[in-house]
């Protein structure tokens, strides 16, 4: 299964729905499995800094096939890979990047930025869940 | 008037409608007046090269407040600004980037890439027109 | 069909075989459909400049789903997309980048540099042909 | 002794053999003494993030003529060269980059990424050993 424009749009809609619900404007970036931008939306009121951060969270997640914050376990002080966050053009090893998977295969990633890290993560998880669940309904 | 997420979405929808009509999948990027990404969509089948090209066309248009191809008049052989296309991180001085204006004021730009240059320009113009006309109908 | 390590190796072997045959040492780069490096070999005696050139030819071909020299038709003097070669981090719009396709689908690209352009192109075509034909034999 | 294509291939083959043995798909990059890419292979299933990391580990090792993790001793908190990891386009000062030496002379470096740091280091050491020992057998 590949990441179609329709599915990418559904991921963004789910992110925006959750963001409205908790009252925080965010930037949402959706990448495909090849780490290329598929869809992007910046809600009114989201900080400009969040453009790069949402993109980097999604990149981090797609590049490592893991939630973005998992990468911190490898590069935090005392961990075995200091400076890992400087590779791949700069990573964002904190919450808000979540892989999009279908049938156990990576098909992309979503990155969210604009709120507190816990809020961004909650929104990104809601966005990724929309991706996972929709096929079952069909 | 500023570029709201709603208006950015309308610009992308108009671009996609025209692209479907002429049968060419494209990438559409919408920037605000501060030259920051507001919305982005990559249609299924559009070449990966078009991600950067659509972004650069929109950048070129927003930076100069002009259609992207107008910049070529300043840097083409014999023109007074050779190398202008190398500034600002690299410009795309050919058709497909169109300013979004309201009340004589620049509020952003749209960039389209994926088809022949004439097709991209036609799609970008349709996208920008959707931006201009919608307010009048309200 | 995706680009496996085995197939990438076969593409490089075919390029090296043809390069030996015509007596010119080259650099060979194989990218997947997401424009990410899969395999690479620099033959003894190939110029260092060819590292970047082979990579850029393969990138150009994968990004546009076309032979690298086809891109020149769009950016040569008088063509409709001046400066196109400056997009995507810099393109190499001359011969030696060839798409790898299977079942009408792009699965990657090979880029060759080190000889005259006609030689690079001949080698890249031989490399791509090895990719196409091998499955039929199985 | 210089790093021939034959020896680079042997280094990659030894890395892949060890990677299969411990069951972790990796990216392997081999650079020459001039810090230029000589050979590269990405095993099926290795994360895309490992392309840049393997290249940076090999670069770090070749630039300093030392195992990549040795560089961390100079830039870790309290060490005399804070920010050293930001030089040279970004270093990867953690395990997995190993110099290739012959007769006490540096002839290149190998970088491995894809597993845990200890696994990458084990694979890189096996790869470098193949380089050292093979000549003696001849």
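Labels for the chains are A, B, C and D, by order of writing; each one numbers its residues from 1.
FYI, a contact is a pair of C-beta atoms (placed from the backbone, for glycine too) under 8 Å apart; a residue touches a chain by one contact, two chains touch by 3 or more.
Keep in mind it's a predicted model, so treat the numbers as computed, not measured.
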Checklist line | Partner chains that chain C and chain D have in common | finding: A
Checklist line | Most widely separated chain from chain B, with each centre as the mean of CA atoms | finding: D
Check: To bring chain A onto chain D by a C-alpha fit, how many degrees must it turn, rounded to the nearest 5?
Finding: 90
Item checked: Separation of chain B from chain C, taking each centre as the mean of its C-alpha atoms, in whole Å -> 31
Next item on the list: Please work out the Cα centroid separation of chain A and chain B, and write it as a whole number of Å.
Entry: 26
Notebook entry, point to check: Could you say which residues in chain A touch two or more other chains, in rising order?
Noted result: 34-36
Next item on the list: Once you've mapped the touching chain pairs, tell me: line, ring, star, complete or other?
Entry: other
Next item on the list: Just spell out which pairs of chains touch, all of them.
Entry: A-B, A-C, A-D, B-C, C-D
Note to self: Quick check on the complex: what are the chain B residues that touch chain C?
What the structure shows: 47-49, 52-53, 56, 72, 75-77, 85-86, 90-95, 116-118
Margin query: Looking at the complex, which residues from chain A come into contact with chain B?
Written below: 4-5, 8-9, 34, 36-44, 48, 51
Note to self: Per the contact definition, I'd like the list of chain C residues that touch chain B in the complex.
What the structure shows: 34-35, 62-65, 74, 77, 80-84, 86-89
Next item on the list: Using the touch definition up top, name the residues of chain C that touch chain A in the complex.
Entry: 32-36
